[in-house]
Amino acid sequence: MHTTLVSSLALVAPGTPIRTGDTAWLLVATALVLLMTPALGFFYGGMVRTKNVLNTLMMSFSAMGVVGVAWVLVGYSLAFAPGGKWVGGLDNVFLRGVGLGGGSWGATPHLLYVCYQATFAIITVALISGAVVERMRFGAYLAFMAIWSVVVYAPVAHWVWGGGWLAQLGALDFAGGTVVHVNAGVAALVAATVLGRRKDYGRQALLPHNATYVLLGAGLLWFGWFGFNAGSALAANGTAALAFANTLFAPCATLVVWMLIDLARERRTTAVGAATGIVVGLVAITPAAGFVSPLGALALGAVAAFPSYFAILHRPRTRLDDSLDVFAAHGTGGMVGALLTGVFAQAVWGGTDGLLFGNPSLLAKQALAVLAVAAYSGVATVAILRGLALVVPLRRTATEESLGLDLVEHGEEGYARGEGAVLVLPELVPVGAPAHGDLVSPLSSQGFTSVEEAL
Amino acid sequence: MKLIVAVIRQEKLREVLEALFRAEVRGVTVSGVQGHGGELERVETYRGTRVKMELQEKVRLEIGVSEPFVERTVAAILRSARTGEVGDGKLFVLPLDKVYRIRTGEEDEAAVTPAPVAMDELLGI
Amino acid sequence: MHTTLVSSLALVAPGTPIRTGDTAWLLVATALVLLMTPALGFFYGGMVRTKNVLNTLMMSFSAMGVVGVAWVLVGYSLAFAPGGKWVGGLDNVFLRGVGLGGGSWGATPHLLYVCYQATFAIITVALISGAVVERMRFGAYLAFMAIWSVVVYAPVAHWVWGGGWLAQLGALDFAGGTVVHVNAGVAALVAATVLGRRKDYGRQALLPHNATYVLLGAGLLWFGWFGFNAGSALAANGTAALAFANTLFAPCATLVVWMLIDLARERRTTAVGAATGIVVGLVAITPAAGFVSPLGALALGAVAAFPSYFAILHRPRTRLDDSLDVFAAHGTGGMVGALLTGVFAQAVWGGTDGLLFGNPSLLAKQALAVLAVAAYSGVATVAILRGLALVVPLRRTATEESLGLDLVEHGEEGYARGEGAVLVLPELVPVGAPAHGDLVSPLSSQGFTSVEEAL
Amino acid sequence: MHTTLVSSLALVAPGTPIRTGDTAWLLVATALVLLMTPALGFFYGGMVRTKNVLNTLMMSFSAMGVVGVAWVLVGYSLAFAPGGKWVGGLDNVFLRGVGLGGGSWGATPHLLYVCYQATFAIITVALISGAVVERMRFGAYLAFMAIWSVVVYAPVAHWVWGGGWLAQLGALDFAGGTVVHVNAGVAALVAATVLGRRKDYGRQALLPHNATYVLLGAGLLWFGWFGFNAGSALAANGTAALAFANTLFAPCATLVVWMLIDLARERRTTAVGAATGIVVGLVAITPAAGFVSPLGALALGAVAAFPSYFAILHRPRTRLDDSLDVFAAHGTGGMVGALLTGVFAQAVWGGTDGLLFGNPSLLAKQALAVLAVAAYSGVATVAILRGLALVVPLRRTATEESLGLDLVEHGEEGYARGEGAVLVLPELVPVGAPAHGDLVSPLSSQGFTSVEEAL
Amino acid sequence: MKLIVAVIRQEKLREVLEALFRAEVRGVTVSGVQGHGGELERVETYRGTRVKMELQEKVRLEIGVSEPFVERTVAAILRSARTGEVGDGKLFVLPLDKVYRIRTGEEDEAAVTPAPVAMDELLGI
Amino acid sequence: MKLIVAVIRQEKLREVLEALFRAEVRGVTVSGVQGHGGELERVETYRGTRVKMELQEKVRLEIGVSEPFVERTVAAILRSARTGEVGDGKLFVLPLDKVYRIRTGEEDEAAVTPAPVAMDELLGI
């Protein structure tokens, strides 16, 4: 370890020159994409019940740690190091050979490109959590994230962006419609199925405990998504501007259409719906952002509202407890976006001409890419979860679900009022002893008076 | 006239309400309370400080009923709120001197009998 | 439609070369300004009562959809396409002719410039909402936004920034003191008057339900405002740096002075006051940001605290229910800023010399600009609202106000606890039927048991 | 004043040419660092009790005003104007001589560099507030901030970054491990000691009233910290990329290790702990960010978890009420980071070779820098607080602590419900009269009816 | 001694308090509760899931009064809390064995008579 | 059987609970309420609008006790909740017709006697 460490510490690979303007933008874009993960935490966290808010937030926040480390160690290499059709090589394991010069990705430092891609890996994994909130064991979730990011995310990223078979085929995915959203959406569907429904699902109304957090998350997601899409140009150029404009205008259209459907159906425009509409528009434009015209983006955003709207409407009537509708929003939105890229893309704006411009073959390639990613993600996610289940139970018991995962997994409350809380001095509860039981027997009056007054 | 006060588990609220409606008790006032009894306590940790939460979240029901309804109301609650685990709560029956329906000023029995108007609307659901 | 769409999709207008550094900055600045609209939602949302928090947030969030779409379709063209003294032409309707090259605005892509200006249009309209919260019908508000952004915002932007008569006159408005703040502030004043007071106004204490959101909003607004002001340099140059510094230091001064006035008057410094002080400082420096020295900005910020402070203090003693003091903060702050630009501006820092540097005529032009914008905005806003009122009632009834607009307009609660919530299966409530009535008759015991258990 | 003002307004110092890419990045980085102060407010504000949330937020927000103004007036000059070993000169007092050209700091406008450094001064002072929350008088705090920023922060910044003795010695501090974190951490320790414990400390459980705010703060802090660390390259170059990567990966490692220690000790991973772990990782990498390899950063982040984890665990068992563990997180983290910089730094990545690369002398210099800053900060902070105490009491009484500082200092509640709130017409309460007493005698029925109905 | 418990509409709280003060009842304890009665229910929609809110936000008042005050207290509440629409709430009068003022240990009548000291301060407003 | 209802200061809750446990009263239900009495009122200011807060945050305890426990329970509360300042609150003793322990259906005395099972577990703390 020591020698490896020191030797890899010592290596700074050279590269082509970098450009300050492009680097400035990629620095910011990377920070913006990282911000999306906490933002997602709030988007999701607002939608669960009070007793699970911290657990839901932690599912996003912990992804930054676990997936970040996995990415440095092996994920990046498997996705982007020179390799074959299916997976990258091991040249950049532990970030060996990653320096500060430019390269095939552009005139920006290689290490920064690693960071940029890391933030994509992180958010993709965090997206899945919406399907398993309020019941999955946190330990199992941490293990799942580490494995999935390496076994599923890295290869799929390689297929599309690392020079793998989908790239060679000519399928278009500007910023991750398939790699991120179809991938996470299908994994979410599968995970919800493997985990099973929450005990109260379909019996009780499980309401968003804080709709303002849903909106906060959506606002910050939109902000961060400019880094996601316009950053994917990997330069501060016209393509970045196009991707930016499309990331602004497509969700505008989705939001307007979503509110109109809501109005038509309910005569009321829901706020959680508006937040969802924004996210769906962002998802749908993601694969197309640098390939379609702004007016095309407006049309794409408007059209994309429908499938996800009705998928979300339909889902609660099924047995599928994809609790926060990850599949309906990201899976469906990603698929629609990927397919519509095959319709609206235009060579003159930087893509390949799509259906609307006389080239139906692009649509076929897009469909193939969607299917391939969905199939691999689905199968691999089942395998990972079933494998994990052999080692550790995947979900909490019904009683623990009732107590809420904030208490059970984290030993905290989101909004503690402190009434009736009594300090326990460390000496009273031996370290490690009561532990996960969370519950100790009732306090005698001694318990109360034993609080050491003279600290 | 009696005032029935019950402290029950949060997660039982829906079942108890259903049982009450089946027992044709339509009026009830509910509030969130915290209770201490024989239940186990939660331990939480904040930055290395451990705290014991002595109070559990409970729900309190308050129902004014006329004499003929007392027994079935009590029975409905006792049946529907029970899990058998420590912490199911308590039910108190208090004597009541008088009840008024604020809307009409009606007193006692009349005050706690559901307004007939509501029945028509039921069909409209 | 199909031909128009396809033909405009196909067009990518050429332009002058772009510079990566400038483009990088404008990409970020645009994202920052967009973030200001959700931020404004929280700034406003924290100030209303719990039962109206979602409605207030939605007034900002929906602006991103409605105004964004209107801007693409016609707003941009009316503001910035070559035109006359009063309004721009129709050359860029549907963004026709907008490409990815640079142009008169600078060495940044035209399309990005469209986006940047779109975010200004969005926030300007959203600002007005603070005057009509807790009572305006959401449908009427959506229509109002679409119309106002085209009929009021676009021409006024043309006057000042699109080469219109105020630009020709030589009035200075670096980043929107008149176009954005005077414009929105006066519209707010008028809207509050036309709508009338909330039923509880002056009778009950209408308290901010979450002062922490007010601070959150103020913090994010300040952050975004760097994009607003320093971005208005449209390049990453010295002017941007100057505007940035002034956007940092002027609100520092306003905040300090605001706290001192609070201390002097009440012996306490209110948090809502501090948040307001920050926003007022930001508003006041907006027209001056690229024209005055940093020390001038400090002075301007300090001076600007007074009029707005006392306007806010005075307003609740009047019959005017400009509920969140949009006029006192933005109208007054914008006017003071625009006039003080005429005092502190300096040729050597990039402006025209102002009063303090021997040129009183600038102040006269500034005053004229303020008056013209205020007059047009006032008259046009009245006309739009009165016109709308012929088609749809503008405000909710007293009963609906009591229920709160979250329930009435959006069918949601901001912070749902879920006690006593019962799932309604879609079959039970026919689509469209109960609708806006929001209220259905009480559940029979059947109602309870009819919840389908076996989804 | 008038002449000074005008003359300094008139001066625009020339400078070397600026580069747009570097300027673009520094503009953004400065905005990012400013955002950290509101973020810190939420990180801290979530950890206090409901009745002190506004006061805690205000301790951060007010720093933006007070320290910002002090920085413009004299702070910047004392830190960065040409001077001696110990403190800068007075050449840039009132920002005289600060123009828009580049200089020794890089190819970015001088004025922007002033802003960038201002945001560091602001957050450093705000950090200290965590040690004195829930009891310090706000007025005394405002005065403390103004003095400390000038007397402690400015000289220490000069030592390390302004060409002072530590810079000459060759001690490394990339982005403020000593200047910001050790400095603030030690000041916090001292301030907590001078102020004394909260009356309920060690007697009652003082719980974080909103753990989601702690996570919100941590997420925004991480986002802003990219400006803090990668911005310290003062250019959009390879060093910025390196600092960025290290700021991403080190906290990933800290977060993972923190969760593992939590799991090992408690079998639960606390959310407040995770947020703390992120911040500790960010603190620790700060001095090293541009000097160590990414793998070195990962190692550094992992190691840095331990001292702070156990410091936080230990502190509540002592008499020291450093309420939000500023010393354990920032002081300890900053020291560990500064020392580990002496271990992991590498010439090839831009630093000086450290212990691991055969140069133990760097570690000695780092230790000296830590000691010197800690000593000066400790002594000077005691002196300032004791001096202030002669003029004004530093803390609130026990009764006022019970009432909560939101009410006592700001006359507001964080989350007002408005039940039982009665409008007081200004005429009824003479301005200035009841003031800080906060309490008036009970309302007679007249009181109620005197609410003027016909405003 | 009686304990008067009233469940009223939230928006009527201020009027009821005013009426109580006019009736010279100065001590009252208030809490937020949720009620179910004959009122229409709210329907809310979250992402396509429709829920009926069975419980309405109400306010509960609890007032300990000595016999001579019972009637006027009841009258004050009935008058000021009424809107005439379904949902105005209920008023319960319960017998009370004993009342103590915690501050002084005073019992019964003495316990619920306002402290005279407060009167002086009234002038200071 | 009596139902003891006490309205006390928030900050006294912990002391009162301790006193109750010392008096061997183990079951208690607590809720947050707001009270108006002779206390001074808080003035708050929001953007220049001044408001008087008429209601103070208080805590309400509700305890069902059998006759032999009434006196010591009352004494424990009176002693531990007192500060001597206006605003200490009130204590009401109400007659109780019946008490049930929901878990077992036990009635009256049996219903409010702590379950013996809990005693064993005490050792495990």
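Each chain carries a letter (A, B, C, D, E and F) given by its place in the written order, and its residues are counted from 1.
The criterion applied here is as follows: contacts are C-beta pairs under 8 Å (C-beta built on N, C-alpha and C of every residue); 3 or more make two chains touch, one makes a residue touch a chain.
This one's a predicted model, so the numbers in the text were calculated from it and none came from an experiment.
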Next item on the list: Give me the chains shared as neighbours by chain B and chain E.
Entry: A, C, D, F
Next item on the list: Kindly list the shared contact partners of chain C and chain F, in label order.
Entry: A, B, D, E
Next item on the list: Between B-D and D-F, flag the pair that has more C-beta pairs in contact.
Entry: D-F
Next item on the list: Same or different, please, for the chain B to chain F contact, judged on whether over half of the interface numbers appear on both copies.
Entry: different
Margin query: I'd like the Å distance between the centres of chain A and chain E, where a centre is the mean of that chain's Cα atoms.
Written below: 50
Check: Rounded to the nearest whole Å, what is the centre-to-centre distance of chain C and chain D, using the mean of the C-alpha atoms as each centre?
Finding: 31
Check: At what distance in angstrom does the C-alpha mean of chain C lie from that of chain B?
Finding: 48
Margin query: Going by the contact rule already set, what residues in chain F reach two or more other chains?
Written below: 14, 17, 26, 30-32, 34, 36-38, 40, 44-46, 49, 51, 54-55, 94-95, 118, 121
Notebook entry, point to check: Listing for chain A: what residues touch at least two other chains?
Noted result: 19-22, 24-25, 28, 204-205, 207-208, 236, 266, 268, 270, 272, 411-413, 416, 419-423, 425-426, 429, 438, 440-443, 447
Margin query: What's the contact topology between the chains, one of line, ring, star, complete, other?
Written below: complete
Margin query: Which residues of chain B touch chain A once you look at their complex with the stated criterion?
Written below: 11, 14, 34, 36-46, 49-55
Check: In the complex of these two chains, what residues of chain D are touching chain C?
Finding: 5-6, 8-12, 18-25, 27-28, 30-31, 34-35, 37-39, 41-42, 45, 53-54, 57-58, 61-62, 64-66, 68-69, 72, 94-95, 98, 100-101, 108-109, 111-112, 114-115, 118-119, 138-139, 142, 213, 236, 406, 408-418, 421-423, 425-426, 431-432, 435-436, 451-453, 455
Next item on the list: Would you tell me which residues of chain B are touching chain F in their complex?
Entry: 2, 5-8, 31-38, 40, 54-55, 58, 60, 74, 77-78, 81-95
Checklist line | In the complex with chain B, residue positions of chain F that touch it | finding: 3, 17, 26-31, 62, 64, 94-103, 105, 111-112, 114-115, 117-118, 121
Notebook entry, point to check: What residues on chain B touch chain D, complex-wise?
Noted result: 44-49, 51
